[in-house]
């Protein structure tokens, strides 16, 4: 009897946890969809709640922020992960990994403060696209480093030995054999980190601020989807509130499609792997 | 008999573990030399010293000399990467690169080092797969994945891959222990054909294999080289008692 | 479980290209970490004016007044702790229930997709949680939950005040939802790591599923699960947007969960734009306090989880 009750309780927990997820998705779609139109997606936010406003510049801003953040964060994260996995079997490697793991758990607003200290204070860039990108890059680096390290560690040692024994220098082995074999794990990690930073708000509050204009300048503040939501969520103006919901819909679509897409992509990989092992596959390239 | 590889007072360590003790061994050129001995006697470690793979493991080190054609491979000015192109290695478990096709696997050594000329690559693929007695079986579908082959075929692919970089010596570390008898026989036949062009060293725990295949045999025990000589002599009339005990199966 | 690390490293004579590559990669990895931690130092320096002016009393100062330039962190430390406490109280039992279901009870074909869906909870951006919290959760709590609290528990200092829904309780509930993916996933992994022999031993003694789980799995994985909770706590401490949007922004201490409040992170989020001079400094000092608290909590958590099993990679919320 207790057995039944306990099992039921456990299942109830699962259902209870899923309710918010479903509710959120449902509400965002229901409330945000009416706002979506071609004009909405291409006009800029003015902030007065008048007609003809849109979130075009916020979409552009988010894309730019993510782009620059990835430009900075992805290579650094990759190299950190490569170092720890391939060369890091020593004190320095452990130290790097340890501090990197700590960085992964910094509150995002603290990261905003750090980026502020660097870009706005030290470098005198002011609230800007660049500052925001740096903040997002700092969030991205430990995630990419960790997933890269895991992916590379999964590559069997026999491949490393095989390549070295052929007279391939270590660095080429790492780049052309190990990285290639760990590719799917690395790509997954990179994509998931992109999804994560797309939705980040707090660091941007302190660094990129906001702009109602179309701007691609690195030294100027820039609009973004998360901040559009934050600015307008409280607004008495119905139009501005609608803007927030519309932005929320676009944002959640981007984030969820990356997450679900990565999962499907990953499933394909694992599926393929099993197939290769149990039947003789003809196709070689795992891309 | 001309010696291809000569070790002089070779000692190898894994941290504090003394795996190879003062070995002086002469590997004759263009012959097949087998190294036999019980598990843990240091035979794999020994050959890994001759292509500078031993030092890749953390905490490993080597003292003594290993002369390849008279020149010490552990000289300060010698590039270990170069040595590994001259002394190739095939491992116990076949390890073709899973993301590469048969073609790509065969020329991996060249490709990874930057070779891009298709003519050279094509020629090399054919040459090395023929040398490894695999050409006829796979020539129809070189784009197939390297791991789609059977175990024996994969091992021959690894041999082809090692031969593609034109080594002078081929080291094989228990190459048949993961294979069935038929695949094993194919590889043993292959080695016979190869010895004209290469110096071959094969580590094996299978004495019958050594007796079948090798011109010369070295017996190792607990890191030391106990006896070395003509295979016939080792198996029929060994000089050392320890060797005789091993051969007759009284231990190991 | 972590894959075993490659034993291969280079010692001794290596080619120059190899050395260049290795040191180049190391240089980049190190310089990033040095930069980040250097910024922590810079942040401390930026907080200096406030640290100097208010001293250790800052931590117990209950005033936040830009006009008189008197700043103290206590209301916000309090707010942070209270909301995180609510999050743990509500979120942990739910998470453990989920973890038990996913690890022990779910049929194999349901385990993967369901785990994925739970992890999707972590993918939703915090600001969207806040938006939903404001317009869906808050009305629900204000109309259905809080009146219930007031009528039954209104005599305690914890439940006094009006049921507006813009208060620490709502913020705590949202935090609870947000930490579920973290706590559930890590707990699930620690449970999965419990060897089957343990379960078999209990079952062969005649234990029911429920007893087996309790005896063989939950108590064995105790320290790992505890670590998972601390991880969730760390997450809750640092969460900003959803809290800012539902907590009501009142810079004072109040024991009642139904009263609005402020956390350290929501204070910074709300005041950053206009803050200058000593106020800015004080805000940064708050950030420093938050940083230290979160750091200590996370270090402790990693120790606990790491001790139980090889550490799980942190990806900031889910697995």
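Order of writing sets the chain letters: A, B and C. Residues in each chain are counted from 1.
Just so it is clear, contacts are C-beta pairs under 8 Å (C-beta built on N, C-alpha and C of every residue); 3 or more make two chains touch, one makes a residue touch a chain.
For clarity, every value in this text was computed on a predicted model and none was experimentally measured.
Chain-level centrality, scored on Cα centres against the all-protein Cα centre, points to A. On a Cα centroid basis, the chain most remote from subunit A in this structure is B. Which two chains touch most often is answered by the contact tally, and the pair is A-C.
Distance from the subunit B centre to the subunit C centre is 55 Å, each centre being the mean of its Cα atoms.
Distance between subunit A and subunit B, defined via averaged C-alpha coordinates, is recorded as 47 Å. A straight line joining the Cα centres of subunit A and subunit C is 18 Å long. Contact with two or more other chains is made by residues 7-10, 14-15, 18 of subunit C.
Shared interface positions of subunit B, defined as residues touching 2 or more other chains, are 56, 58, 81. For subunit A, the set of residues that touch two or more other chains comprises 89-90, 161, 164, 169. Contact residues on subunit C toward subunit A in their complex (touch as defined above): 2-10, 14-15, 17-18, 20-22, 25-26, 28-30, 32-33, 35-37, 39-40, 42-43, 46, 93-98, 100-102, 105, 114, 116-118, 120-121, 123-132, 134-137, 177, 180, 184, 208-210, 213, 234, 237-241, 245, 265, 268-269, 272-273, 284, 287, 290-291, 294-295, 298-299, 302, 311, 313-317. Residues of subunit B that touch subunit C in their complex: 55-61, 74, 76, 78-81. By the touch criterion stated above, subunit B contacts subunit A in their complex at residues 51, 53, 56, 58, 81-86, 88-89, 91, 93, 95-101, 104, 108-109, 112-113, 141, 143-149, 158, 161-162, 165. Remark: subunit A residues 89-90, 156, 158-159, 161-169, 172-173, 176-177, 180-181, 183, 276, 280-286 touch subunit B in the complex.
Only residues 2-3, 5-7, 9-14, 16-18, 20-21, 23-24, 27-28, 31, 75-76, 79-80, 82-90, 92, 96, 99-110, 113-115, 117-118, 121-122, 138-139, 141-143, 145-147, 149-150, 153-154, 157, 160-161, 164, 169-171, 174, 189, 192-193, 195-196, 198-202, 205-206, 209, 226, 229-230, 233-234, 244-245, 248, 251-252, 255-256, 259-260, 263 of subunit A touch subunit C when the two sit together in their complex.
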